[in-house]
Amino acid sequence: MPPLLLFLSLLSLLLPHASSLDYCVADLSLPPTPSGFPCKSPSKLTSDDFYFTGLGVAGNTSNIIKAAVTPAFSPQFPAVNGLGLSLARLDVLPGGVIPLHTHPAGNEALVMIQGTLCAGFVDTANNVFLQTLKKGDVMVFPQGLLHFQINSGGIPALAFVTFSSPTPGLQITSIALFGSNFPSKLIEGTTFLSDAEVKRLKGILGGSG
Amino acid sequence: MPPLLLFLSLLSLLLPHASSLDYCVADLSLPPTPSGFPCKSPSKLTSDDFYFTGLGVAGNTSNIIKAAVTPAFSPQFPAVNGLGLSLARLDVLPGGVIPLHTHPAGNEALVMIQGTLCAGFVDTANNVFLQTLKKGDVMVFPQGLLHFQINSGGIPALAFVTFSSPTPGLQITSIALFGSNFPSKLIEGTTFLSDAEVKRLKGILGGSG
Amino acid sequence: MPPLLLFLSLLSLLLPHASSLDYCVADLSLPPTPSGFPCKSPSKLTSDDFYFTGLGVAGNTSNIIKAAVTPAFSPQFPAVNGLGLSLARLDVLPGGVIPLHTHPAGNEALVMIQGTLCAGFVDTANNVFLQTLKKGDVMVFPQGLLHFQINSGGIPALAFVTFSSPTPGLQITSIALFGSNFPSKLIEGTTFLSDAEVKRLKGILGGSG
Amino acid sequence: MPPLLLFLSLLSLLLPHASSLDYCVADLSLPPTPSGFPCKSPSKLTSDDFYFTGLGVAGNTSNIIKAAVTPAFSPQFPAVNGLGLSLARLDVLPGGVIPLHTHPAGNEALVMIQGTLCAGFVDTANNVFLQTLKKGDVMVFPQGLLHFQINSGGIPALAFVTFSSPTPGLQITSIALFGSNFPSKLIEGTTFLSDAEVKRLKGILGGSG
Amino acid sequence: MPPLLLFLSLLSLLLPHASSLDYCVADLSLPPTPSGFPCKSPSKLTSDDFYFTGLGVAGNTSNIIKAAVTPAFSPQFPAVNGLGLSLARLDVLPGGVIPLHTHPAGNEALVMIQGTLCAGFVDTANNVFLQTLKKGDVMVFPQGLLHFQINSGGIPALAFVTFSSPTPGLQITSIALFGSNFPSKLIEGTTFLSDAEVKRLKGILGGSG
Amino acid sequence: MPPLLLFLSLLSLLLPHASSLDYCVADLSLPPTPSGFPCKSPSKLTSDDFYFTGLGVAGNTSNIIKAAVTPAFSPQFPAVNGLGLSLARLDVLPGGVIPLHTHPAGNEALVMIQGTLCAGFVDTANNVFLQTLKKGDVMVFPQGLLHFQINSGGIPALAFVTFSSPTPGLQITSIALFGSNFPSKLIEGTTFLSDAEVKRLKGILGGSG
């Protein structure tokens, strides 16, 4: 069977090289670049590298917001590096809330699995889009726009969200302002909030300055 | 309060323009471009435009594969146009299968909601990556690579999949070959399948030629 | 000189076609796409289409913020369509402020021309980066992150800003919340602000709901 | 066989929609966008739309440069629209030349089919890279850099070039300067060429001003 | 001539830095990233780095398919790294075939140099596009779609193909299925092929499992 | 206050990871990639990393062109790495000139700060677009097209330019030809310039060959 052997040796020469950028599982030990992390060597990968169990359990909701966001971004799930997508799990107890936030670098789609969320976003023309989401419903939240989710039902809510980037980022407005060392005077001058309110919220959320 | 009025009129001039490309809900009545469909006028949009209920019910699985793929791509859910993402719902009865296929223009991540799927893909170096997926598990399938999902459990399986493109495409290998008018002789010459097998499958899947 | 004529006729056939996407000056009368507006016909363009005088005069700063943002985005300056950049002019009187805001779809660089601005941004790890900017200084503000500018000097400040998108968008946090019809109860639940403070700011900034 | 019919009807619902952006053959009757031309309706396409015979014959080389460039860009071969590539054919008689030029919007690779070309480019650090190309040789010319090809052999040279854009553009330096209405005084001031030389070349290449 | 010296020293400061990303010849000794390999130092490059002779000779066609694919992707020709293009040479003896395959990450254009190929692709709506290609003809094959080439003439066929990516990948369907360790039972379940046919082809193409 | 502590610990787990690609300040000690330089560790950054004073002083204009270009590209201002933008300062004395040049990898917008410039570009259809720019005027120069600026006024001109790339490159046509080792014979053959003129300019601009 020499012809076959020649054919297969051709392929063994060709294909290993060609495959090297089918995917780019992140090597988190190396510094990232603007396009993401360098790739782990394909020879070290197994099917477990493309598989993630971290979204299978509810996040810890024993906190002030009665909610948890569990991300599967590049740092948690290196297989999404370079793939232009990532996921997260939202767990929100009755009365819980995912506070007003943005994703600076990614569009979002949410699919409801259990319970009810009231969700909304504000666009740059100050239009407010609100929706009550039930099991199986989908809603999109365009990149960088302020949005939120609140459990408006009587049972714990579960949703999965997906992003158009492996590292969409998450900036919770009240934490960025009142849980950081952003000087109170600058917050007040740039938001019109009162000094008393800024100090009250810094007390709750741990900010200084 | 004239100063405030001036400030607001400034904003009313500035923001409507700036907002026009926060998002680009597809106007499906116009021809698409390489970047997607033209945008519907922002003035005609309501919160329902960003909301989709079509994934809330199981697809019809009374078919030969005991499975259904329900897409939320741009044509079904115009809000994903231009957002670099889309979704679909997979319903697979026990013993059912999503046949071997590729998405020519998008990476995929799957999150299991109910039941068990055996899933796998083959890369261009002919490595096969297989995984059994249970509730909450996530698996990625890189763009353009052959992959499949089989219900290997005893109850109906439900999964949501997300793509890195609003129009990832779907090419089911056996349908492309045996459910089209691809001439049998060319199929045989380019796949090494026997004439008898090609004709048997065309009989089942409806192909001609 | 027939050879030359043939050469030139070759070029006249070749080059007009090749030139059609050197640039894509926006035809604002047509609906935009995810990549921007359709292009005006090259045959209708003159050098004035690539030229913009709208940043030459100070914006109207007789308002509550003692400041003005004058954009040169695609809707104002159609030549930037498709070029991956845009500009704006900032005028800030002593004591004036560009309130806390984000650009959902573009990175920003600011260059000081006159006066002094105190500027800063908060990243998604809640690090606050502050800087006092004087004539000739440059500062960057990465996409989607909360930032602001305050005139901390004694004379009017002038700066030009540039963006990595022809339509970067602008979302002023306090206007999005307190100048829109975002229901007060939802604002309070998702920001931890008090009902009194939300209502006070809606009174000032014109919001309802 | 009802199950099969259901399966096929499922596919007939799913696939026509999904296919609409497998490709985007240009509809040249509509205005282009920054991402290219709008797409012709898939229902009107035949295999001839993906096929081009225009590179099969030599261009007319009876001209001053003894050479011809025959493009297969979007305007000539609409199927490359949106595909991120295009081609051209180079015919160069002995002693002929493709004058110094750039492609403003695309990288280039050249593969020699017949004869010999001396080719070169200059990078932005003023390094000059020269090569003599024979049958089967490949050379790349990075985007926007000045480059040229000269037939340095005794027989007509034939090469195919490929670009990383469907509309790479072509700017021949001497034609841009001396074959246009670029005012001679401005040419002289910005290139250090003498008035006599500029006027001599405008005489040959047809420029005015 | 001090003014000139000053001018030149200005340039020597400015240009070496500016040039560093004119191109990015791959340093294959470093791990790649999602955007490609890191760049070799510009100071180590000569014109040979932009030049490739590997497509000048026919690949070895003494094999079962009577054909050879010789790639000039990043691993073989590091200069294409980062340029958004690559090439390959196809040699197909009479009766030979490039089996049914996809390129997961790149569009393709083929230009015929010698002989005759029958080529075709199937889109995601199961339309089959077939064409007989003769010297000088061009055909495009959109990303990720199944396609093939068969020598339908009496002499060896030679074609050059170009891709819209430096690493387009190559997945030959029958090798991915029958030349890998893809379990036969899973192949059968996801393609509807018979157990006998799968085992026959694994025998020929070397697969296991 | 345990609930709050839990909430904050959740955030401390989540946010540091999520923030790692808010920005990517270049680590210039590592080799760049096609998407730019690897990122410095976020933990080492201070507000000074996002701040640049190098455009605050005029470049040295005591040279043959009576002009200076001071860049703030990635090598000078590492914060622009990955942000899709960069800046430069132009200083042009009366009678001075920024010679005819291109930016191979970036679109440009210029904003006049002081004085008067006559600026222009030539497109690939040989159309010439000229404009006289005064304080506050903006003009765009599309990627890769030949353009220039001349001080046509009586006072020093100052302008800031911005690019759609952190490394747009700069190729001054006359320096590329007459200040390099580009062989005179090849210049003459590919530009139609006379031998005498080429040698005269090489004498002035320092070229050899």
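Odds and ends about this structure:
Order as written gives the chain letters A, B, C, D, E and F; numbering starts at 1 within each chain.
By definition in this document, contacts are C-beta pairs under 8 Å (C-beta built on N, C-alpha and C of every residue); 3 or more make two chains touch, one makes a residue touch a chain.
Predicted, not measured: the structure shown is a model, and the values here were computed from it.
The angle of the rotation carrying subunit A onto subunit F, fitted on C-alpha atoms and rounded to the nearest 5, is 120°.
When every chain is reduced to the mean of its CA atoms, the largest separation from subunit E belongs to C.
Here the CA centre of subunit E is 35 Å from the CA centre of subunit F. Work out the mean CA point of subunit C and of subunit F, and you get 21 Å between them. Centres computed as Cα averages put subunit C at a distance of 42 Å from subunit E. Looking at subunit E, residues 11, 15, 18-19, 22, 30, 33-36, 104-105, 120, 123-124, 126-127, 130, 142-143, 145, 169-170, 175, 179, 204-205 sit in touch with two or more other chains.
Annotation, chain-chain contacts: A-B, A-C, A-E, A-F, B-C, B-D, B-E, C-D, C-F, D-E, D-F, E-F (touch as defined at the top). Those residues of subunit F whose C-beta lies close enough to touch subunit A in the complex are 2-4, 6-8, 10-11, 14-15, 17-22, 24, 27, 30, 33-41, 81-82. Every residue of subunit A that touches subunit F in the complex is listed here, in rising order: 30-36, 59-60, 62-65, 68-69, 71, 73-76, 104-105, 167-170, 172, 175, 179, 204-206. The part of subunit C that touches subunit A in the complex is made up of residues 97-100, 102-105, 118, 120, 122-124, 126-128, 130, 142-146, 148, 150, 169-171, 173-183, 186-187, 189-194, 197, 200-201, 204-205, 209. Residue ranges on subunit F touching subunit C, taken from their complex, read 15-16, 18-19, 22-23, 42, 45-48, 50-57, 72, 77, 79-80, 83-87, 89, 107, 109, 111, 113, 120-121, 123-127, 129-131, 133-143, 145, 160, 162-164.
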